[in-house]
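Following this line, the structures themselves.
One chain, chain A, links the two complexes that follow: it is found with chain B in the first and with chain C in the second.
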Partner chain A sequence: MSDKNLFLFNILRGLAAILLALAVAAVFIFISSDEPLTALKYLLLGPVVSFKSTGNVFNTTSFLTILAAMIPTIFSGLAVCVMFSANQFNLGGEGAIMLGGFVGALLGIYLKMNTGLHQVVCVLGGALAGGLIMLIPAILKVKLGASEMVTSLMMNYVVMFVILHFLNFVFADRSKGATQTFPFQETAKIPEIIANGTKLTWGFVVALIFVVIIALFMYRTKWGYAIRMIGINQSFAQYSGMQVGTVIILSQVIGGMLSGMGGSIEVLGRFGTFLWRELPGYGWLGITIAILAKNNPIFVPFAAFFIAYLNKGCNLMATYSDVPSEMIDIIQAAIFLFFAAEQFLAKYRQRIVVHNTQRDLAVQEAAASQGGSNS
Partner chain B sequence: MEQEVIVEQKDFVEQEDFVIQMRGISKVYPNGIAANKDVDFILRRGEIHAIMGENGAGKSTLMKILFGLEQPTSGEILINGEPVAITSPSKAISLGIGMVHQHFMLVPSLTVAENIVLGMAPTTKSRVLVDFKKAVQIAEENAARYNLRIDPNAKVMDIPVGMKQKVEILKALVRGAKILILDEPTAVLTTQETSELFKELIALKDQGFTIVFISHKLKEIKQITDRLTIMRGGRSMGVYNTADISESEISRLMVGRDVVLKVVKGKSQPTDTVLKVRDLEYTNRWNKKMLDKLSFSVRKGEILGIAGVEGNGQRELVEMLFNLNVPDAGTVTVCGESIIKLSQDKIRNRGVSLVPEDRMTYGIADIASIEENVISDRFSNKRFNKGPLFNMREIHHESNNLIVDYRILAKSAKQQVKMLSGGNIQKVVVARELSSQPTLLIADQPTRGIDVGATEFIRNQIVDLSRGGTAVLLVSADLNEVIELSDSLIVMYGGKIVAYFEDSSQLDDVTMGEYMLGLKHQTEEEIAKVCYE
Partner chain C sequence: MIGDLLLSIFNADFLYSVIRITAPILFAALGAVIAEKAGVVNIGLEGIMMISALFGVLFGYWTQSWLIGVIGAVVIGVLLALLIGFFAFEMKTDIILGGIAVNMLGAGGTIFLLDMFTGMKGNTGSLVTRELLIPTVDIPLIQSIPFLGQVLSGHAVLTYLAFLLVWLMWVVIYKTPLGLNIRAVGENPNAATSIGVSVQKIQYIAIGLSGALAGLGGAFMSMYYSQGWNSGMVAGRGFIALAATAMGRGEPVGTMLSSLLFGLAQALRTKVSGMQGVSSYLVSVIPYLVTIIGLVLYAISTKNKLKKRHTVTKGAE
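Right after this comes the complex of A and B.
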């Protein structure tokens, strides 16, 4: 019972953090906007409601685009969950996503295969590329003790410029005005679940399947167990006889593979050709999502939905009112602050603990006085 | 009006006697452990007052509250009759309260004088640079005034434990402490160092200082204190004049039953040599020789104890035996095979098991469940895996069995380990390490800081294991434990073995103290017997 109270408290604390963050955003909106109520309306309701003179109706198309926006961020969120669970602050998701997208795109352009198989090969190629690139920070960490945070962060830019080099000088379609590759073959494109232009592709289903796979991996396999134990206490893991170095590398390679997979699915589902000229930003969103989900894969889709919803709301707010879309950064920063603050509402938590303990003690003492035994 | 003034004065006179009053103090830690329950503690000016109780009785918590390290959940503190809120150690110091922790809070690479003036160092005229001469002078002046002999120019890492303690006491006095809290000051001292400390404490008392003395050693308390407060299970069991209460009565109040921690064990029947350590050498990064040509053996079916004051190489030795550190020279073999530089899983596969000294660092993953903690050495075993997935049923089965067999008090196997009490956390570690049926068990301080019940249980488990044929190496700073539990015993001093006793049952702490302090040592031939060659 008492543990249930604490569990409930943790969820309520998360919600409180989100509400407070939105309140902070509201304050800024009221300060900066001439039409704060309109802005708030679009921010909070805009993503799922069409405001019409005849009345407000649920906007299915908009809702489906939100789901579509979750596809890459679910993957990057899962990737960060795995890496952060091993206490590896690898920020290379950005680079791995871009590389995965690029490799997936090239396979989609130059391979000739039957549809069905072609997409699978492209996505696996992207995953492989993402996994391989993450070997760099992982091995540097294990062999030389170099901080994976620094190396992976720097690696993002190396990856980006290397891709841009090949995009500009090797794979560019010279017939187009903008720098882009040749179009993907139709066999490689990932189709929409319902062809309605929302870009909600079968990638969404794959993403949800991977949520289940990664949850099982983390909580029901020996590798996931080792990853989590190393994340909690590396000395303990080593002393227990776990292969700490190998598992640290494994966690980052899996993170890279998930990122690369997300990148290739996004590219092949959303575009007809490879267009990314800079880091796509999904890696950073993945970090926000993993923190909201407390590194638990099961919560990742919910966190990804929340972030996608907010993003959409901010864009609508920027379109229909005078608040700039950068507001999303303020909201995210506020959520980070409240979520990451261990002491946030700690007094109430302590009160629950004290209450539970006193009740337990009373029960124990009653039992002791009845039974006459000292526990 | 006049009457009122008189009343106030009378109050003042009455309260002046009490330098500190703590009333109705309760403390519940964030993990739900109620360490103090409605405790009253009153300190008279100029007395030496003992707080007695077993480990986990709440002594340290009460003193941490007084020193501002913890905040009480409820209750009030009065100093000289004035209610105060002691929100931090610096507040406590400004109120004249100083604390000497059980584990010293000194900077090893700095000199004694630098440690004493740390944070309040005198500066040269430039007001920027530290005036080291002045610091030494301050240290010497105070050492002379309080009659605490120290060497102000020595580095803290080079001085003996006894002197470190004096440095800690001086640190508090230099900061203006009138009330000194000593948390188990004798735990790390030899018998000889202890009596020296007592002389110094009595001298301080004569100069008007008030001293709180946390301990669970009956003899010392009788020897030095004026009054004592006994704690049990987080509650105060009352305040007594030391002269009026007998040792057996104190003991009864402390533990609530007449505990005789005698371990019943038959004579050992040692057979083949399991662990063989030869000429082990290790010099640490500060160029101090921690292990100096160490050689000994442990045989199947016996418990070999290692006694010694902490810091004489025991920790380094254990690290070498489990590849947490690499020796400069020497060999370590288990059943004839070298284990140096083997990874921990290979060492474990050879049947070596370790109950680590620091259970929170090595023994457990604190926010993981009991179940996840007890399978950490066997999770990749075929038994617990079904294809790529865990066999959850087998894992539940294993952890529930261990919880029952090792009497771990928990709500369920899913409970976070850090929510358990110290004794139960240690039982989790012991359950894992002992249930793997090791050929060699290394038990490093297996009962430190845990309650009597758990201590007794763990000791009996270790004895059972050894009588079942496991070779046990027991390292313990608790003299009683090492004498009671071991079949034979070696004493380490300065990284060397200075004594070997084939039969430890007849030893007493005075003899042991002399060896542990390095006053005596046996001949090479006597010591070499521990190699059984």
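Right after this comes the complex of A and C.
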């Protein structure tokens, strides 16, 4: 009974945190905008409703583009779930995604293969690159005790500038005005599930499959158990004979592979050539998503949907009203602070616990006094 | 040939620019030092610098006074740091996530705030006039010494403040009761509590100070270094500061030396990227790569020391 109450409480608490974050956003909108209601309408409903003079209708295309936007963030969210579960604050997802995208793009341009196999090779190449780059902060952490957080942050910039160098001086398509690579071969492009321009590619299906794989890995395998145990209590894990170092490296390499995979799937599905000229930002979104999902892979798609929905809402709001789309960062920051706050609404949890205990005690006392009067 | 190249690089102008570039990193790094001494990880330095940089410009513009701009930047820095502190200490949000939240505010929130306050997009354009820049000072006597004068004199007031703060920080940490409490809280909170020190109060003070320092770094960036605020301005300096602190073993003087190393790397990047046949992108990697290498060297040296002593310390956690 009490467990059920607490479970319900945790869900309500999460919703309250999200509502509070949206309330913060609303306050900012009311302060900054001349047309706050229009802005709010587009932020909250715009992503799935098209407003027409004849009435409001469900906007299927827009809904599908939201699903499409989830593809890279599901991967980066899963990556962060795995790494944060092991208590590894590796923030290198950004770099790994960009690198994975770049390597996947190069393989898609210069390899000659049959379609079907070609995509798989490109994505695996991207995953491999992401995994390899994450070896750096992971090994430095385990062998030398260097903070994975700082090294991975620095690594992001190194990766970005090295890619920009190769993009500009080695692989650039000089016939184009903008700096970009040559176009991908048709055999490498990841096709849409239904060809309707929403960019909802088969990558979405792959992403959902990986949600299941990672959930099974984390909760049904020895390695997943080790990762979670190290996150909960590293000393305990060490004393119970786990190979802590190996598992810490493993968690970050898996994180890197997922990131690299997400990057290559996004690049090959969304664009016809490699266009990223800065870090894509999916790595940071992945952190927000992992926090919303409480590091549980199963919740990642829902969190990714929520963030993609908000993102779309912010963009629409910026288009149709005077509120800039960067509002998304303020909402995210507020979600971060409240959602991750263990003490947020803790009083009520305390009250539930106290209430349950008192009830149990009352039952016991009643039983005891009954026993006393009988004797 | 290489001698000529070196000479053309390591002249007075270059060394002057090293000091100039080091200052903002040093501010933030000292902020990381004081937080770390109290056992607090403030990874929000980057975001604090961005937001303070913006408000430095805005306050300066509104009051037409650079000094009030700088003070405003510091106040904003303190408030943001206390916000991280509040969520970390009272609401038990993981302090790293609190820091990331502030970094998000710094990245996108600043663009939003700028638009809200001024209607400008992405940079402050002409808000910063010459009179609103942090003034530079010539130091009497030193300025007339050849070479040395060129390197050391004529910096912004805040540049001198940054290096002065290294000394001041050392004094505060090692020679004052507050510093003793901060170190006690950082090294062993339980022991500190047992002698009646309020851990939370000390940690609030420490993170507040770190916010003030990052705020100074931000003001330096927008009100002197790049003469205006723009969205890509801080460019990871808050993170580099964290690395500099790790490399400087969390000590003020060591942190100053590692900050200078990054200043040197960054100055070298500016210098070399102007040369023909050099990829500006690869040169841009230098400061970040130096940071990683520095961290590795530091980690190796700590590890060797630990081996010699045969002791187990916090570093292994």
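As a convention for this text, the second predicted complex is superposed on the first by the 361 of 375 C-alpha atoms of A that agree within 3 Å, B and C clash if a C-alpha of one lies under 4 Å from a C-alpha of the other, contacts with A are read in each partner's own complex, and residues count from 1 in each chain.
Simple rule for what comes next: contacts are C-beta pairs under 8 Å (C-beta built on N, C-alpha and C of every residue); 3 or more make two chains touch, one makes a residue touch a chain.
All figures in this text were calculated on a predicted structure; none of them were measured in a lab.
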{"item": "Chain B versus chain C as contact partner of A:Phe9, first or second or both or neither", "value": "neither"}
{"item": "Contacts of A:Gln238 with chain B and chain C, given as first, second, both or neither", "value": "first"}
{"item": "Comparing the two partners chain B and chain C, which touches a greater set of residues in chain A", "value": "C"}
{"item": "Touched partner set for A:Asn356, first chain B, second chain C, both or neither", "value": "first"}
{"item": "First, second, both or neither for A:Met229, with chain B first and chain C second", "value": "first"}
{"item": "Touched partner set for A:Met149, first chain B, second chain C, both or neither", "value": "second"}
{"item": "First (chain B), second (chain C), both or neither touched by A:Arg220", "value": "first"}
{"item": "First (chain B), second (chain C), both or neither touched by A:His165", "value": "second"}
{"item": "Doubly contacted chain A residues - partners chain C and chain B", "value": "none"}
{"item": "Chain C residues touching chain A - in the complex, by the definition given at the top", "value": "43, 83, 87, 90-94, 96-98, 100-102, 104-105, 107-109, 111-112, 115-116, 121, 236, 239-240, 242-243, 246, 279, 281-282, 284-285, 288-289, 291-292, 295-296, 298-300, 302-303, 315-317"}
{"item": "Contact footprint of chain A on chain B as seen in their complex", "value": "28, 30-34, 37, 73, 256-257, 322, 324, 343-348, 354, 356, 361-368, 372, 376-377, 379-380, 384-385, 388-390, 392, 411, 415"}
{"item": "Sites on chain A touched by chain C in the complex", "value": "28, 31-32, 89, 91, 136, 140, 144-147, 149-151, 153-155, 157-158, 161-162, 164-165, 168-169, 234, 284, 287, 291, 324, 326-330, 332-334, 336-338, 340-344"}
{"item": "Chain A to chain B touching residues, read off their complex", "value": "2-3, 216, 220-222, 225-226, 228-229, 232-233, 235-243, 346, 349-350, 353-354, 356-358, 360-361, 374"}
